[in-house]
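As structure tokens, here come the structures.
Both complexes shown next keep subunit A, but they swap its partner, so subunit B is in the first and subunit C is in the second.
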Partner chain A sequence: MLYREAGQFKSSYADDQRIFPLRQDRHAFWALLAAAYVGVPLLANDYWLQAILTPVLIFSLAALGLNILTGYAGQLSLGSAAFMAVGAFAAYNFMLRLPWMPFPLAFVLGGVTAALAGLLFGLPSFRIKGYYLAVATLAAQFFIIWVLTKFPWFSNYSSSGVITAQVLSLAGYKFLTPVSKYLLVLICVSLFALAAKNMTRCAIGRAWMAVRDMDVAASVVGIRLMPVKLLAFAVSSFYCGLAGVLYAYCYIGTVEPEAFSLDLSFRILFMVIVGGMGSILGSFLGAAFIVLLPIGLDHILSALPGAWLPAGFGSNLQLMLFGGLIIFFLIVEPQGLARLWQIAKEKLRLWPFPH
Partner chain B sequence: MSELQFFAEVLTGGLLSGLLYALVALGFVLIYKASGVFNFAQGAMVFFAALTYVGCLEKLPRWTGLAADSVLLVWLALLLALAAMLLLALAIERLVLRPLVNQPPQTLFMATIGLAYFIEGLAQGVWGANVRGLELGIQDVPMDWVLDHTGMIVSRFDLFAAGVAATLVTGLALFFRHSRVGRALRAVADDHQAALSVGIPLATIWRIVWAIAGFVALVSGLIWGARNGVQFALTYTALKALPVLILGGFESVPGAIVGGLIVGASEKLAEVYIGPWVGGGVESWFPYMLALLFLLIRPEGLFGEKHMDRV
Partner chain C sequence: MKLAFLSLFCAALAGCVAPGAAAAEQFVPLLSFRVGPYAATGSAIFGAYIDYLQYINEKEGGVNGVRLVWEECETEYNNARGVECYERLKHKGGGASVVMPLSTGITYSLIDRVAADKVPLVTIGYGRTDAADGRYFPWVFPMITTYWSQNTAMIKFIGQKEGGMDKLQGRKIVYLYHDSAYGKEVIAIMDEQAKRYGFVPSYIPVAHPGNEQQSQWLQIRQVRPDWVILSGFGVMNPTALKAAAKIGFPRERVLGVWWSGAEEDTQPAGDAAKGFIAAGFNVAGQNYPVVGEVLKYVYDRNKGNMPDRSRIGTVYYNRGLVYGIITVEAMRVAQARYGKGKALSSEQMRWGFEHIVIDDKRLAELGATGFMPAVKMSCTDHEGSGKVRFQQWDGKAWRVIGDWIDADRELVRARVETSATAYGREKGLNPRDCAKEQ
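Moving on, here comes the complex of A and B:
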């Protein structure tokens, strides 16, 4: 009844190419944006902003990056955390060594540096694919973290290797409160999510999907594989790099190689799987799910009577549930949460009629 | 000690540890050959197997009343660990592989990452997370005979482990070449549908292969555990095995051995000769880089099958 396209006609090309063709969708989207930009800063407390909303947004950006590479272009990567580290360290060094540089520029340059690293490690994708490529991206993960740990220049000769991130300030305003950091992250994420959505809808995105579905066929119809694959690597690493910068500056507040371990790469991969491969919305849903799952499990486990579980079992139970849920999702809905959302919308379209 | 002697010593050490990598890589190859699944959980299985063995060894005296140092205990623990691996293999086939049949390989790969998390949590949840020692009765001391004759230090334990690895590999290779199950397995590896249509029971073959992979995991878990202690770091042995797989090719048992030898030797040599130039610690990434460079020349690994893509 409520959610129906009846009476909405597309009378121009612009109408036809809208991201949300349905008026109801548009209204819901604007309401969501308003809630995120106005409602949340007014209502949410520091715990929610700092421990839940900011990381969800940051990981959404990282998941978007990996989704472009894995979900759209079909190149499996296990090195996303390393590209996040490149972004974080590059931004740190730009701000440290060029103090005049405004931080948004340093953030973007951090992303660009990560993109260059991504290009470099994307080169093997020309010759190899599938599992071999996945293992090759592991090389990036280990090599980059090793370089960042081994050469003290990157961490400005800090003795512990852990650096406190600089305070972000722009035109005299300092980003110190959780609300300001949240808004900064939100702006970045909404801008780049829009960019990603549009990239995947235009010629580049279609070329990526053609390569994903079958690269030989794609090259037969005239898609040049090398530039298309490399572009996917570069764009994906840019997103991951920027997410790394935000992760270091707006979430954990330190820049350290250990924060960007292989485990983080896997978590980002899970976000993409659980959320839905090849879906922008899925990246957000997946990131929210994977960030909230441990927090939710903690709450449930701590609510149980303490004597019921042996000591230290909680974290292991969490690992088991985490792994189990991944398998469960792959079995029940290989296309992820985004697909469930789609099914729900289709049901809503018919409601309240059975057919 | 002369320069050449030192080189030989490093090389021997590397080759011997390379056989240990090959042992882990073998588990990957078996499963990949039979079911086309790149089983990331192999490292977790190694950890689970070793932990189950040590855990049984700890608990059994209390359960059965046997003396803590009896030989029977060791065999009983070994048997229990083997049974646990068998159960695990059956459970994986039933609960993970069968529902995911016909899914693209990437999905299966990611399912095994989830499986790795699950098994790690299970192992630590059941047996606890503390580091345990594991005693196989072979000391990690230099061989006197080799030391006297050539002046090289070659660990007795390394030699024993290499011997076990070599025996296991030869045994498996013979098994696959000459036994009925082995032939069926190679048929499945070649073409699932063709194998099914001539009446080879796919599910049974999968169960057998995962059980054998579990057995290989137990052996590698015992050896690696005796060497470095039974701890969470055992799961990282899987990461050591990946460059081995790339070098050797995913489908080849001999490839796993040759790849293991190359990785082990080059890793130790790089640590000794390149390490000092860049500050050490190159072991963590050198095999990967080597494998990556190698892939640029031969994308399917040394002994991997060449694939032809058709539209």
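Moving on, here comes the complex of A and C:
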């Protein structure tokens, strides 16, 4: 009923190629964007902006990056956090050493530096696949963090090896308030999510998916594997790098290289797996799931009267519930939350007359 | 989906806000961690911290009648979770009295935020060393002592053992460290000391987590050092002690930092740990009046936070008591200025931390003589002591050896100021003029 597409005809190529072919989807999407751009800044308090929405958006961008590489191009990577670190440290050094540089340029250059690092560590993908490639990217994870701690130049000889993000200012406006930082992150994420969506719908994306599904077949039909795989690595690392820049500049503020540990790489991978491989929406759902669920559980458990429980019981219960829920969702739908959403939509189309 | 999450959170949030009580209350947020790889540290330190707050409530009915209330938030030692907990609790209950994240990573994530929100961030025995310069870091208190101070005190200790600082000439000291910002931080200051005293340092890193150290100890055997300084964390410590036993390096010449010298580090190593010496800004043991009081007022009334009473008096438990003492002393100092029996705002608490004076007389009143060093804070000096004490593991328990050893304050302070000034320049900060402040 709600989701009826009767009467919606595609009468031009432009109509046929829309991202959201259904009018209801378009309306929902614009409403969501309006809520994010107007509603949230008006209504949300500091806690929501700084502790919930900003990190979810940043990790969505990182998950999007990994999803391009793993979900679309089929190259397993365990180095996402390291590429985030490259982005953060590169942007910091660009802004530190070239003070005239406007910060958007430094952000993009941070992403580009991460893309170059990604290219370098993507080289083995030409010879090895699957788990072996994952191990090669694991090397990136350890090597990059080691380089950033080993050479103090990267942290401007800071005694404790940390970098402190400079204040962002553009044309005299300083991004100091949580709202301004949130909006900055939101703009970056919306732009690059749109770019990712379009990339996956054009020739590049098709080539990635062909390589993912069967690389021999892809090369037989004329796809050159090397550039396609490397491009996936570069684009993915660019996204992760930009997420790292935003993580440092709009979220945490002072960053140590250890913050970008293997643990974070795994979390990003889980976001992709739980959210849905090869889905833009999945990246957002996965990031929201992994970031928000533990916080939600913590709120619920701390609201319970806990006086009679031994100390630490709530914390352990949280972890157990979180693990249990991940397994539950993966059993219910191994292809992730995005697939669940898709199934729900298909059901809604027929509802209330499924037969 | 999103809406469901939103409403879920809102409901949960509303549930957390307890109805305000009529009596004055002082709110202490606890960014604790009781799960994950460092759960043993977190549960003991935060357990003791809660016990101390409970003790003040039980014995004195709060600080001058202001009852202490607290709420825990699980950080899992994870930066993002720590930030979330901080944001959740910072304005609760009339404002957070203090934030103690017990994680250097979370500390870094909060440094900018506490300055904007005006909440004191107290990091005792970890955190950002150059924040000891209160002129550039008014809201951050790396109190009692820092890694740099500890290192200079260790070299002094070695000097004492060798029979004078002039005897250090030509001695070989290996610094075996956790390969991270934490372990690396003291290398520069160690180099400076090496130049001054003429000892020969060598630096051997151990990759996280450090449960494999054969090649490092092979290297140590080749260097043939007089002393090994062990700067580890978690599983790296017992592994190092076992490896030292294997190559026959005397454990009496292995010096641990304060994150290497707890029961959790020595007990897993068994006999291999016997003789191991570690630094600390608090000592182990139940024979201090303050520990006895906590047992009497909290545990005998069945209000203790530790499920396992045998952990009371361990190094980490006692460290948590030190955190509690510092917090409550700051409240007393601030109340003396802003009104006794009144709840304090975060800004007033900051003033309290900056003016803590715990001299020997006060230590005796607290029942903590010999338990922790005397502390004197000021606007410029957010460290306040710099003293450490060494303990030796006798196979069953830690035994204190010698008196408190002072850091080379001059050397440390010079580096702190250089580093803090560089930070201030990078951030475009104007230092506070401490001469003008009261």
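One rule holds for everything that comes next: the second predicted complex is superposed on the first by the 328 of 355 C-alpha atoms of A that agree within 3 Å, B and C clash if a C-alpha of one lies under 4 Å from a C-alpha of the other, contacts with A are read in each partner's own complex, and residues count from 1 in each chain.
To be clear about the criterion, a contact is a pair of C-beta atoms (placed from the backbone, for glycine too) under 8 Å apart; a residue touches a chain by one contact, two chains touch by 3 or more.
Note that the structure is predicted; figures quoted are calculated from it, not measured.
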Partner chain(s) touched by A:Pro124 [first = subunit B, second = subunit C, both, neither]: first
Touched partner set for A:Ala195, first subunit B, second subunit C, both or neither: neither
Partner chain(s) touched by A:Ala259 [first = subunit B, second = subunit C, both, neither]: second
First (subunit B), second (subunit C), both or neither touched by A:Ala31: neither
Partner chain(s) touched by A:Leu319 [first = subunit B, second = subunit C, both, neither]: both
First (subunit B), second (subunit C), both or neither touched by A:Met214: first
Touched partner set for A:Gln166, first subunit B, second subunit C, both or neither: second
Subunit B and subunit C footprints on subunit A, overlapping residues: 146, 149, 312, 316, 318-319
Partner subunit B, residues of subunit A touching it in the complex: 76, 124, 127-128, 130-132, 134-136, 138-139, 142-143, 146, 149-151, 214-217, 220, 262, 266, 269-270, 273, 312-313, 316-327, 330-331, 334
Complex contacts: residues of subunit B adjacent to subunit A: 38, 95-96, 99-100, 103, 105-107, 109-111, 113-122, 124-125, 128-129, 239, 242-243, 245-246, 250, 278-282, 284-285, 288-289, 291-292, 295-296, 299-301, 309-311
Subunit A residues touching subunit C - in the complex, by the definition given at the top: 46-47, 50-52, 55, 96, 146, 149, 156-162, 164-167, 176, 251-259, 263, 285, 288, 291-292, 294-296, 298-300, 302-303, 310-312, 314-316, 318-319, 337, 341
Parts of subunit C lying in touch with subunit A, wherever the complex brings them together: 1-2, 5, 8-9, 12-13, 15-16, 33-35, 39, 43, 47, 50, 71-74, 76, 78-81, 83-84, 86-88, 104-105, 108-109, 111-113, 116, 128-130, 179-181, 184-185, 188, 305-307, 415, 419, 422-423, 426-428
